[in-house]
């Protein structure tokens, strides 16, 4: 018998079942229900947009890695996830070249040039969105679509909502009264919570996003810290800084009518660009929430989740640096004679 | 402990500054622009019953007392100590508005005509200058100034902190000096054309002075900050701030606020960039992008992220 | 239920137990092989100096290697026979080490025990016996026991802990010992308690071995030690078998970084060591035998083998019917901390707790990806260190920067690498950093 | 002075334009390179102002180099630069008011451009007038070249025009004419420079 | 000490020389700057005048006049047939003060000095300047009103040109900080020119609609761009007449900016007309003969 060749590797010889790609694809799947809903209410073109976005992200990843002479990482799922998330933060009516350019920017500039997965310090999908928001401002602010419903559900549509205005736009520029007139009844609330309202492809349905997020929590892919503190910060600040004075603000509209759930569960929890320790995550989430409200109430845009997360991304290396794991025990003092 | 108490007190003060608009001694205690079409007035007492607004309220911009704005409604709070005036023309938080109430009786005191100037409080103005200079109009990421030093001193965190600190020191002191120089010497003597020369001279002298004093008084601090002092003279921000404060005709406090805000914004930018660059050293950046090119791209991404602050107003 | 059980506070992971076949198999005695090659160095420290020459006849239990100074333990002949040569043999941790090759004499009489009334002996005499018998930690590290039993001057010890945790997957050697030689374990604990002069003794056993717990409780009662030796069930979590984690779980005391268990008043010994101590002190039999679990889907028949030091791994495997074709990896020790070896010529030492023959399904063999900063390793690390940052810095060759992330506190339990989704060889990076810094410093 | 090497005009120009290009190689005075380069024209005009200040102060310092006391070197240089900057500021305000409005702040900020003072310190203070003049020309042109290159890149991609002339009937990438794009443009062009240089060096080594 | 003196002298010499140099250049360039600035302004304003019309530009400076305890008055420094006069009106248009001003008024400093002389004790704040283009007979050919209004982000500075009948001749956006590609489009011809030709009455009722700009209307608004391949004069006239009576078409994606600018134009023009009426009436009452 020939001498058997044994494989020699370092310990440990057991590995947990999760892998980078399994995590990425799990997140990907957790996002899909919302895509289905969007395709249903905004039309199947949404699927085309998502397809272009994912396809160009994969293509860009392959091409840029090839150009740099590096190994192929298309299968690890991170590029596909970036593509999907990018599509999720686009209005459903944008032209098809937007997701392409956005994905190329996200993957090439925001991620691969900085060393690829693990070294991008801004969330690539959100960076792609920020890039598109300045590069294609008109499409990014006007390409909203009124949700269309199959007959039996048409009663869920908010009655006479202004086309091409997202709920947050109404809230910011027409005021709370107008918002409540459009969405204030039970049908309006149902539309907001279930996702039958104009908005970005992936942000409309808090329920489905919460389901997906819950699944990720259950699978322990994300922890509760970031989403909880982000939602709490938004709710608290929305309540405190009300339009009518202190502690009068509308909490629910701010929670349910923007991209908060998408941001809190799927964007701000991105491993690479958020800090790792629980305490740092709490601060990070609270910061995201606070900046979101700052932009919504005082800033130039109706929605602030994207920029809030990007701005907190700047801080996550700092938070990682400041908040370190608690060591098992302090080092031994230089008095060996005494018990510490 | 004391540090925590101090920062808490500071935070409380800032909140207070935000919360409290201008105060006055008359029958109207305070007023503020609530939103685009509403001005709220806080009365010193409760408004006597029977007063009705048509014909008794006028609102004008401060600059145009002769062009009345159209008041479309007045809402009186249940306890009759707050009035909300609805105005047809858009009003801005940054603007100043004259409000006149006629034939009112407030808290038992009657007045034929009660005038009040609605505008932002001093502290709120200063705070908004600081925040604007630090974040909204961040010199590095939104105005693209001070980049040489930004890229030069953001390699390590310690360097960034040292630079940020020395910069803040020089910036604040020289802004005060420049303000005085401009308002008491250059302007009265109509020597505005010597602006650049004097400003840069003041800054250079200041840096030299600080260098000399620090070297003698606190060699330790000098060892830490000395290197940066020389560099400061070639930082665009150090000259841009005086030019801006002169251009906007700021008063001393506003000038100081601008200086502090821009120094804080610069220090923040340096620090964030240093954190990122320290991490980038570990990254597998393509060969040709190592060093400055990738730092530029990173700064570009920062600039995109900082667009989130654009259009913000306090 | 398990949540009420005690365990250590920080980190930890739950690798699959996979103890099922071996844990149910009684210890079986391995027949004597054709040749023993006894390594003179079986743990980090100074090698023992050989006391025999080629051709010399030795008796079973005769001291063949002694350590004059430094960290070390003496080595004894596992059989009666003839020294065929002084050679070198590979050790997975230590490289090639000096060894004594002995050819056993098949007709020799078995070792005759020399019962002693240890209760009448002085503590220092007992310690002397333990040292002479070359007892070392049987848990895996093989640290000489007599040294651990002499805490540095100035430190007082108030608790003795017997480590019956056996948190590594597959391994069942300690489990079987606790079941089959329960009384000897308890006696060993009593001896060690006497040596240390402490009242309190704890035996920590993970709750996945209820039979062992029951047996120990009964044996403690039988020995009349009910109030003084307590058997503590612990929640199942890796690496509870590590000294510091076990102390933390049982007493809530945390050994300071760079400190010894004695700094918090504890001494920990493996239950296997307790048995060896019992044999050495009460029966006068030196330490040259141990139970080795042979397991994994790659072995024809898993078993717990009582084998003697110097037996080759090949002998063990052959005795059990050889290797299956699917086996790809041979690991000496547990799957989390043991070392993979490139052939089966390795010799059983006093510290060899297991021989695992793993198939590709059981073990990770692929490459690794970039760190995605998920932070799982930070959560898993039982010492609260930052393996992520150590690995990233080490990957870029910046070893000097790794120290501030707790490099020196790492005992390489592998929890971080176990959970890493990018399959990064974190332990390897840590070891490389330590090596590099040691060489330089 | 110690440095008695003779410099020719050509050598200095090559040095400023390529070998020590202030923007792509020395990475000095990046502020205008980011903020003022969304059109070639702005780049050219600001470059012109820098060229003037660089040449004038180089010559001035070279003339005065023995008269300026060592201890007050830096303040003296700054005053000299500030003088020439004020001159160009006033000149532009008077004779090119339309253009001046766009770049007013940056013209004043030329005072603190690191490239100018560093050339004074490194070159002009140690060399006679003529080489200093050449060096100023080289550096100023190099700076102008850098600004115009970035300007070309951004104006063409951003507006589809060059120097205001329509090249493409549409705007390929509106993004590039926005201020933050300056960072990206410079980063990419810098990398391109490095790449070309490597290729060139490899090619020369092979020869 | 000697060393120190030497250094100081050295530095002082450099400073003095450069200050002297700058002074000289300043005197020379300042005059040129003012001349050029004015020339630039008048050329840009002349575009709104009938071709070949002879016009003189004369400014009306508006001040806020504050006297202790009184509602602030509005002071107008206006050209008269004989020189200049200061007319201070209360908000209702009643004359509070009038004074002839006979001093050079070219620069802000000179004006301040002159006003302090005729109205001692009062606090004057400069508010803004209206520029009137007057024909040879003193008729108003155009009025230029600059002022600022809130935009979507910060302030927008506008210049509105009104004709003799107070219809809009044109609109220019002088400064703004709107988003590029969105609000910043207010500076484009296709938006600004929509105001051209609106009468004062139309302006007062002008709204903003969120409808896409019709293509041929855009062609006729973007005169400079479509000059060579656009419509002929008759078609252009027809299109402008068709759409000119409608509301302003908002910029895509920047409805708010469009609305704010429209509001601003309405307000600036309205205020100007009201003030001119008040000034004319008050001047007649006060026996002044304004130059317009």
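Before moving on, here are some points about what is shown:
Should a chain be cited, it is by its letter among A, B, C, D and E, assigned in written order, with residues numbered from 1 in that chain.
In this text, a residue touches a chain if its C-beta (ideal position, glycine included) is under 8 Å from a C-beta of that chain, and two chains touch if they have at least 3 such contacts.
Since this is a predicted model, take the numbers as computed values, not measurements.
Of all chains in the assembly, those touching chain A and also chain B are C, D, E. The chains in contact with chain C and with chain E alike are A, B. Chain pair with the larger contact count among A-E and D-E is D-E, by C-beta pairs in contact. Across the assembly, the mean Cα position most removed from that of chain E is the one of C. Closest to the middle of the protein, by Cα centroid, lies chain A. Centroid analysis (C-alpha atoms only) places C farthest from chain D. Chain centres here are Cα averages; for chain C and chain D they lie 70 Å apart. Measuring from the averaged C-alpha position of chain B to that of chain E gives a distance of 29 Å. Between the CA-based centres of chain B and chain D the separation comes to 33 Å, rounded to the whole angstrom. Rounded to whole angstrom, the centroid-to-centroid distance between chain B and chain C, based on C-alpha atoms, equals 66 Å.
Within chain B, the positions touching two or more other chains are listed as 193-194, 197, 201, 282, 284, 286, 289, 294, 297, 304, 307, 310-311, 313.
Contacts with at least two other chains are made by residues 75, 79, 82-83, 86, 90, 174, 178, 180, 184 of chain D. Residues of chain C in contact with at least two other chains: 370.
Counting only pairs that meet the touch rule, the chains in contact are A-B, A-C, A-D, A-E, B-C, B-D, B-E, D-E.
Partner chain D is touched in their complex by these residues of chain A: 101, 109, 131, 134-137. Within the complex formed with chain B, the residues of chain C that make contact are 370, 392-393, 395-396, 398.
The residues of chain B lying in touch with chain C in their complex are 281-282, 284.
Residues of chain B touching chain E in their complex: 60, 62-68, 89-90, 92, 95, 100, 115, 190, 193-194, 197, 201, 310-311, 313. On the chain B side of its complex with chain D, the touching residues are 143-148, 151, 193-197, 200-201, 204-205, 208, 230, 233-236, 238-240, 243, 286, 288-289, 292-297, 299-300, 303-304, 307.
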